[in-house]
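In the two assemblies presented below, subunit A is common to both, partnered first by subunit B and then by subunit C.
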Partner chain A sequence: MNQEQVRQVVLNIISDIAPDEDMTTLKDEVSLREQLDLDSMDFLDIVMELRKRHKVEVPAEDYPKLATMASCVSYLTPKMQ
Partner chain B sequence: MAGQHRIVVTGIGLTAPNGNSLESFRDALLRGVSGVRHTEIRYMGQQVAGLCDFDEFKYQSKKMRRRGTRAGSISIWCANEAIENAKLDWANVDKSRVGVFLGITEHGNVETENEIFEMHQNNLDWKSWSPHHNPRTVANNPAGEVTLNRGITGPHYTLGAACAGGNVGIIAGAQQLILGEVDVALAGGVSESPQTFGIFAAFAAQGALANHEDPTKASRPLCKTRTGIAISEGGAIYVLERLEDALKRGAHIICELAGWAVNSDASDFVNPNPERQVQCMHLALRRAGMQPSDIDIVNMHATGTGAGDIAESAGVREAFVESSKTYVNFTKGHIGHAMGAAGSLELAGNIPSFIDGFVHPGIGTVELDPECAIPNLVLHTPVKCNVKTILNNSFGMLGINSALIVKRYES
Partner chain C sequence: MAHDAIIIGAGMSGLAAGIRLAMFGKKVVILEKHSIPGGLNSYYQRRNFEEGGVRPFDVGLHALTNFIKKGEKGKPFSKLLKQLRLSWDDFKLHPQTHSMIHFPEAQLKFSNDFELLESEVHQRFPHQKDHFARLAQNVREFNELDLSLGYQSTRAKLATIITDPLLLEMLLAPLLIYGSAWEDDMDFAQFVIMFKSLYFEGFARPEGGVRRIIKLLVDKYAENGGELRYRSSVARILTENGKAVGVRLDNGEELRAIHIFSSIGLPETAMRVDDGHFETQPRVGKMTFLESIFVFDKKPTDDATIVFYNNAPTYAYRPASNYYDATSAVVCLPDNYERHNTAGEGTVRVTYMANYRQWADLVRTDYDAKKDEVAESAKALIKKLFPTYDAHLRFTDVFSPTTIERYTWHKDGTVYGSIDKTRDGRTPVDNLFIIGTDQGFLGIIGAMLSGISMANLHGLMEAPQ
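On to the complex of A and B.
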């Protein structure tokens, strides 16, 4: 997957986890939690869905790398080749 | 019964397979409309079930619904409708003095089955198990979701009472009011059981699962050709208050709780015990200060199983042998067996008889089983009656019996 495809993957997962949120105005460089009503359980859900849908494992020490959309894409793209 | 305190109902919120408000539910009961339909059950294929179609997102965000459970969602709908119906001035209600007490038959089967299914879809990867599983399956989940939704900080818990749960939830709410633990009780029962294949499979294994090519004819209590239980979801939550509090705020009083009883068969895991059922009904009558002839309607538990219907019919005949004027009906022909919701839902369906003056009929009984014949049994068409009292039976596995009596409010 290229970076745009990985971004779409993350976007789809977050849309399912936080279905009440407007994702069209999401800023990639800004913390997801600053823009969206996401809590720690939601981040666990994101990790879970990456595992189930794309067989990508995110160890607990790497959770901070999911802080922004941009950091998600740069962290996950090599794992999703 | 309540000592110094009389306990009254000032609001009712519900969802049933054939109605999402007391008005629409009552209308369906009087017109003989069934809410049982076909549905696809995991592993088992097409089955009959009573399913509700209330708007899950009227009172709950999509995110909270996803995080929670169907039972929680049903509870939130019912609680919000009940609060609105009671015209409580919610902004000024002391939330620490509100309690939520909900009867359940079971809770957690649905969520556990879903996780096991998902794990199998993921090559038995145990790390695919959801972190939400624990908060979804703790036994207080349905009541707890109501407190989260409405900011209620008083006590909340569920009461595991098998299919007597709906009655037991109301009784628990009344008891908490009498004890002075709360000023407002949101009390009743809920069921999400049709979402779990296990309950269908287990009733099938018992030879007690309803089936019919026309799902509206599947639930046939007291019928010679009955095949068992049509499993349903639903809920009914009542706003209960002490009479003096209700009067103080000028509440409309729907009815008064007159008496109740809960006892145990101590005889079998599943087979009922009519002797204990009679004792339960008589104890409720005694506590209400009533004779059998004081009761205008007995709503039977009548699930449509072979043994259960015969036992309860014998019990009701015996308990009301001295009363020639008591009408007997049942509600599961319309809605199936709403499990933990059955008691509170079926009582709610009968309460409008205080106003409209009809006893709604039991439906689905094509040919009455002679062993289930009861004097003044109301079948197929409503009967006109000046209803002042209702006794509601709800019984469950492990031999738990409950009888709850309500009466028309008179100052």
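On to the complex of A and C.
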């Protein structure tokens, strides 16, 4: 997957977890938590969905790497080749 | 290993935990003793001789607490919707009109808008205005979800903030009777949960009552591939080398799993584990109740949804000394959640504090006579509170602490569980976790959040021991 496809994967997961959020104005460099109503339980769901849908494992120590959309993409792209 | 997880009990917490685990590919089985789901919040029906068909009744649910408006964020209810992938619309919530705390010297109304309670307090207790504001601020800033908290007495803490004892008693009454396992007091973290869920957020009722919630959960669980077995009563929790490895049912069948989540209560769980694992047996809570349900030929004329009635200057929250205590009661008018429906029968539910031991010791004929006595007392209270409600009674049912025990598994008919809670869900036995009432989140929303957070923490995030 290229970076744009990985971005779409994360977007799809977030919109399934938080269907009421408006994702069209999301800023990739700003923390997801600041822009969306996501708490630690929701981040667990992002990790669980990555495992379920794409067989990608994110160990607990790497959770901070999911802080922004940009950091998600740069962390996940090598894992999704 | 046959299963990743066994969940004991298909109540709110068990179903919610089951959904979370099944959603992420775990092989889960829920074992329910009864032939229907719901646990402490279940339902039954009785034939309707007047109009044909049946009348549906809820047990437990007077109110769904933690009401939010559609789209509201960052609240317990909105977290639950996201975690279970349910939509606000699924619940078809009808908010309360208002409720009332009814003491002889004063009455306070509250609704799903906190400002009503504030203005009522300012009006009746003008000298407590700043004190009440400070209490609300304390509650707002407290993190009640911190799993490491220990017991702290609410009365001790409140006495330093609210200096008028009557106001203190009035504010405590609904919170105690809607959730405290402790007599006359409650843990401060639980007080905060209750204060937020009743006074900040408020009450609603799903259309159709508790059945709607249970159906949503059962359907979502099945949709995710979860297995649910009724009439499956767990006799023993099996251990090997200090770890839980499975369960044995009453019929002798054994099931094995990596994780076991028990919603049947901490003492009830400990009793089913071999000796030596629990150093001391967790204590069984003493708070149990009696409820009279009346069906009248028309809807109530008063518009309150729930009345927290107390006929004394202080609020005694403890087991009744003589079968039941009519000094105080919770009177619920479920029809007032949907004031647009004015035709048809009206229901009134009256709940008294009770004494389990005395009810358990009654022989059958005395038991029935005692239930009739309770119903008469409750009817008199309805007349007193709603003097203009001149409806004809069509149906009466009373359920006692022994009824609660029979249907819920909770020892001594205790409704809010043990006074020993395990906030992180852990027990002395590895891989055996407590969910629901004895984990310590309260109410229907609390029970579901308990199942969710324990499933997340112990079933999804951590590797098995």
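Following the convention adopted for this analysis, the second predicted complex is superposed on the first by the 81 of 81 C-alpha atoms of A that agree within 3 Å, B and C clash if a C-alpha of one lies under 4 Å from a C-alpha of the other, contacts with A are read in each partner's own complex, and residues count from 1 in each chain.
As a convention for this text, a residue touches a chain if its C-beta (ideal position, glycine included) is under 8 Å from a C-beta of that chain, and two chains touch if they have at least 3 such contacts.
No experiment lies behind these values; they were computed from the predicted model shown.
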Worksheet item: First (subunit B), second (subunit C), both or neither: which does A:Ala60 touch?
Response: second
Fill in: First, second, both or neither for A:Pro19, with subunit B first and subunit C second
both
Item to complete: Using the touch definition from the top, say if A:Met48 reaches subunit B (first), subunit C (second), both or neither.
Response: both
Worksheet entry | Doubly contacted subunit A residues - partners subunit C and subunit B | 16-20, 37, 41, 44-45, 48, 51-52
Discussion item. Looking at the complex, which residues from subunit B come into contact with subunit A?
Written reply: 61-63, 66-67, 118, 122, 125, 127-128, 130-132
Discussion item. Can you tell me which positions in subunit C touch subunit A when the two form their complex?
Written reply: 23-25, 71, 73-74, 78-79, 82-83, 85, 87, 452-453, 456, 460-461
Practice prompt. Using the touch rule from the top, collect the residues of subunit A that touch subunit B in their complex.
Written response: 16-20, 37, 41, 44-45, 48, 51-52
Worksheet item: For subunit A, which residues count as touching subunit C in their complex?
Response: 16-20, 37, 39, 41-42, 44-45, 48, 51-52, 60
